[in-house]
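A, B, C and D label the chains in the order they appear, each numbered from 1.
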């Protein structure tokens, strides 16, 4: 090792004009703190999460407790019939609606999260491989994506659910099949952009294995996009699960899925609109807050220079 | 050809050259569309040159002349389709890419794309050690700091990210990453052309100092002939994938022989206000490398073209103090 | 101001709102360009040279705020003009050539349409006259078979050809002023000299003023009638090309010249001169000389206050506390140390 | 250009074949076909007999080629439930679905494109925020819930529009609006971001430096470039809408292919489901080919490249 070469000027002292540029993690922290959509969306998601996790503690009744004498009690603000015993009223079988809604959050969040996570892992792996290797591998992956896009997803999902039944695990896997392509498309194109960077060439020139390059050099640069898509896909997964259950092809009664509540409430909606409004609004608010959070993450992790 | 190279140019050629190209060529098969015939693109053809330990070999030419392809072959990232490359007399294709990596390392042009924006400076500089499983975590850290000092990076930047560094500092990081493997040869691909003038001087001085200190050999790829003149011992001029002139820098700059080399030298705009703009008589731009001209590739742009030039491809011959590929010289 | 003056700018400042505060991209810049004259603005990245050109064109980004005492093109006050009045001048009296010819032309329209629409938009004539003018100019910029070229799309042309198209496009309406922002930086060296030659000869032929913005001292020396060196949003030295290159008065100019290797002048393998330190970030309140952190001749007056331009002779000025004699002595001694 | 299209066609055919294999296996996945055909009380023997009669005892690939061969001649088999030819069932109803999808895409485009353009021209203003708000709303509201709300409001309370049926144009208004709102955010966001990118590009700066009037810069130079990805998205969304009508058609009892698919799934009539999946996939493939063709016409880099 030679002596230090004095490199003309770059002393260890800070130049008087030097300004502190935040590091990427620091920058994200700062942006997150001042991003209103992210904070609001994130708080609401956290609220739903807390309700879901602590439903057994918080809920006034059990999700399947029926009291046939107390059927279709309207919410508490109905001056004539409302009661604090059932603040959100009861359903056609006399089950406490608030309790059912709280347990419904469990199902929505669980299916949404795992469907988004499984499809993220599968889709991103496929996308990064196609984007990095290019050539025939990429052609094959493009072909897979094209096949997936050509299939009417909801219809295939409905058929599969009708074949395999509406267990939560089956739903998660079927929904994952529905959503992997978006990750694949995005990670593939981002990887293609990253691949041409000189830091990839530098890693190659070290004899780094391809797996190591994909995991160590490419993935950290794709991660943000994956998280953004995951949040958006989670929102869609929640809607689709509700839709399947609404059609009677998802989670089976008496499980309190929001989609199922909507479907059950549909017969009474002309007289008891709260039966569809509570689950409908629950889905709407959960989805909108996840979307706000996702849009927030996108803004927060965006490279500098874009507003 | 090999014989020719043996006789040529190196009076002290008892020593094995640090880097030698023998008749190196690389052809890409370009496919335009699904059913089209693949077309050969000869990115590099019949390049023969050599450089001794501690010397600087400059490879010059315009974009599309094949210098980047050549650089990738020198780094072992592309295999030559013809000929062979020798490092210290050992053919490059007889050793693994990791062994090549210990001897040859790159420094790239764009200091923004050559550093992973999601990694800290320490992670970037220590990557070679990690990939090659050299040393413990602590010893790697010490070595990173050592090399940061060597290239003039303040220690406080060790946990910074590339976006927090100036262009010059980033290029120093890239140099430290290249040197930490203690390679003998550094392939510098336009290392200063993305930098500001005042920063370029720092980096060129640093590269000079490091070469002397560590007895490094540079393959220095550039289109800036002023920089090349300043730095290089040997100059190889490439045109459309072919080596058209190769010799000692001093000879080539004092007496360029190939008409293309002359045109390149004429194109250098020195900051001399008393001179006007040079008249360059090259006419049109570079031809399509997929269908290069007949005969000498340069003849459509050559002011001295003869009949023979469009019919017959000249061979690379030895002419006095250099190798040249031109019908004007015998 | 003489009647030959095409452009006159007094105390132009451009402030840009950034997250950290206000970025003073250009501060109190004054310049003028005469008919048929080439003014080169030279400086490193971030010195404000491109912002200056966009300010003159009124093409600044939305977040940028422009202030000036005077901004006049051919005696017309640009400051009081509405955007639609200004648009009538752009492409007509004042044309601009950008750095990257690969992205500066619209990929989905034919070259001919893009050239002709300037002519038609500014009411110079109909489609037929526009086509004739375009063909005439393509011959001027040395393009063989102009008719075929006009019916091609940008992606079918090489970078050098595209830049010539850009030059032809700015000349469609016979402008009084051309602004070229790094017009040859993206081109190969052999195309650079040709393109510059073309630009210069056409500028003289059409008797237009030319503002050439570049970081390349070689281009400046060969092209400029007058030179303005910019640093940190300010003009630090102004003068004729000979004056600035043969006898720089600002330490920054001297430093820049020392930095580049010059065949025949710098000794191969020798150490190049260099400028230490970093370019200041121009955010917040700026005080004193912006070059003080990189300068070898700093004294107390450099640290605060406003450093004005010192005029040595007509059209020759610099922004430094060193007197002309001091700067001559100090800088030339230093210059001699670096052969 | 010809090469480009040939390449696309080649991929399209490959995808179509794969999709047909998947559609075919969907039927096989659904259980023992022979048992279903033979009826609920059939004995082992009768089932075997049925299997033989329908050729279900042959190797799967033989059955596939058999099915595919029939499909090529326009024979997609018969419904297990009504015993009608599936092709006839589908073609009776596909008109309703196509109408619905076209209305829906019209609704979403007519809102999304002007709004996206406005939002991109005036980023971070009230109009931009409004556009974003509508997009976020459209993305978050489950369409089956939104459909119920529309029914409550317009059909029950206001009595302006019919609740269900498919006889008149009025029947399509609510379903088209529901579907259109769901598709709108994608177009809005793509228009906005595409326009922002294009407006930021060098050639738009050139156009402005030429002194072109702002409308010409926006509508000729910018929109022409930004429209390219929108055309591709239109094909994708239209394909998606054709398949996505399952829920909406069931809610509004529109007798289209989606409703048929839903009914068939509910009564395990898999030959019908399989055929609908296959036909919808084919229409998606044709639509994307068409959009490629249009894009090639709009973009000289493809046309001449």
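Here is the rule we use: a contact is a pair of C-beta atoms (placed from the backbone, for glycine too) under 8 Å apart; a residue touches a chain by one contact, two chains touch by 3 or more.
Not measured: the values here are computed from a predicted model.
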Result of counting contacting C-beta pairs for B-C and C-D, higher pair: B-C
Label of the chain whose CA centroid is most distant from the centroid of chain B: D
Between chain C and chain D, centroid-to-centroid distance (C-alpha), Å: 53
Where chain B and chain C are represented by their mean Cα positions, the distance between them in whole Å: 32
Averaged-CA centre spacing for the pair chain D and chain A, given as whole angstrom: 23
Two or more partner chains touched - positions in chain B: 202, 205
Residues of chain A whose C-beta touches two or more other chains: 8-10
Shared-contact residues (touching 2 or more other chains) in chain C: 274-275, 278
Touching residues (chain side chain A, partner chain B) in the complex: 1-12, 21-24, 196-199, 201-208, 212, 217, 220-221, 303-304
Of chain B, residues touching chain C in the complex: 62-63, 166, 196-198, 200-202, 204-205, 208, 223-227, 229-231, 249-250, 253, 263-264, 266-280, 282, 285-286
Footprint of chain B on chain C - complex, ascending: 44-45, 158-161, 188-194, 196-197, 200, 215-224, 240-242, 244-246, 255-266, 268-275, 278
Contact footprint of chain D on chain C as seen in their complex: 57, 59, 83-84, 87-92, 95-96, 98, 100, 103-110, 117-118, 121-122, 153, 155-156, 166, 169
Complex contact set, residues of chain A against chain D: 142-143, 146-147, 149-156, 158-160, 162-163, 235, 239, 242-243, 246-249, 259, 262, 266, 269-270, 273, 276, 279-280, 283-284, 287-288, 291-292, 295, 307
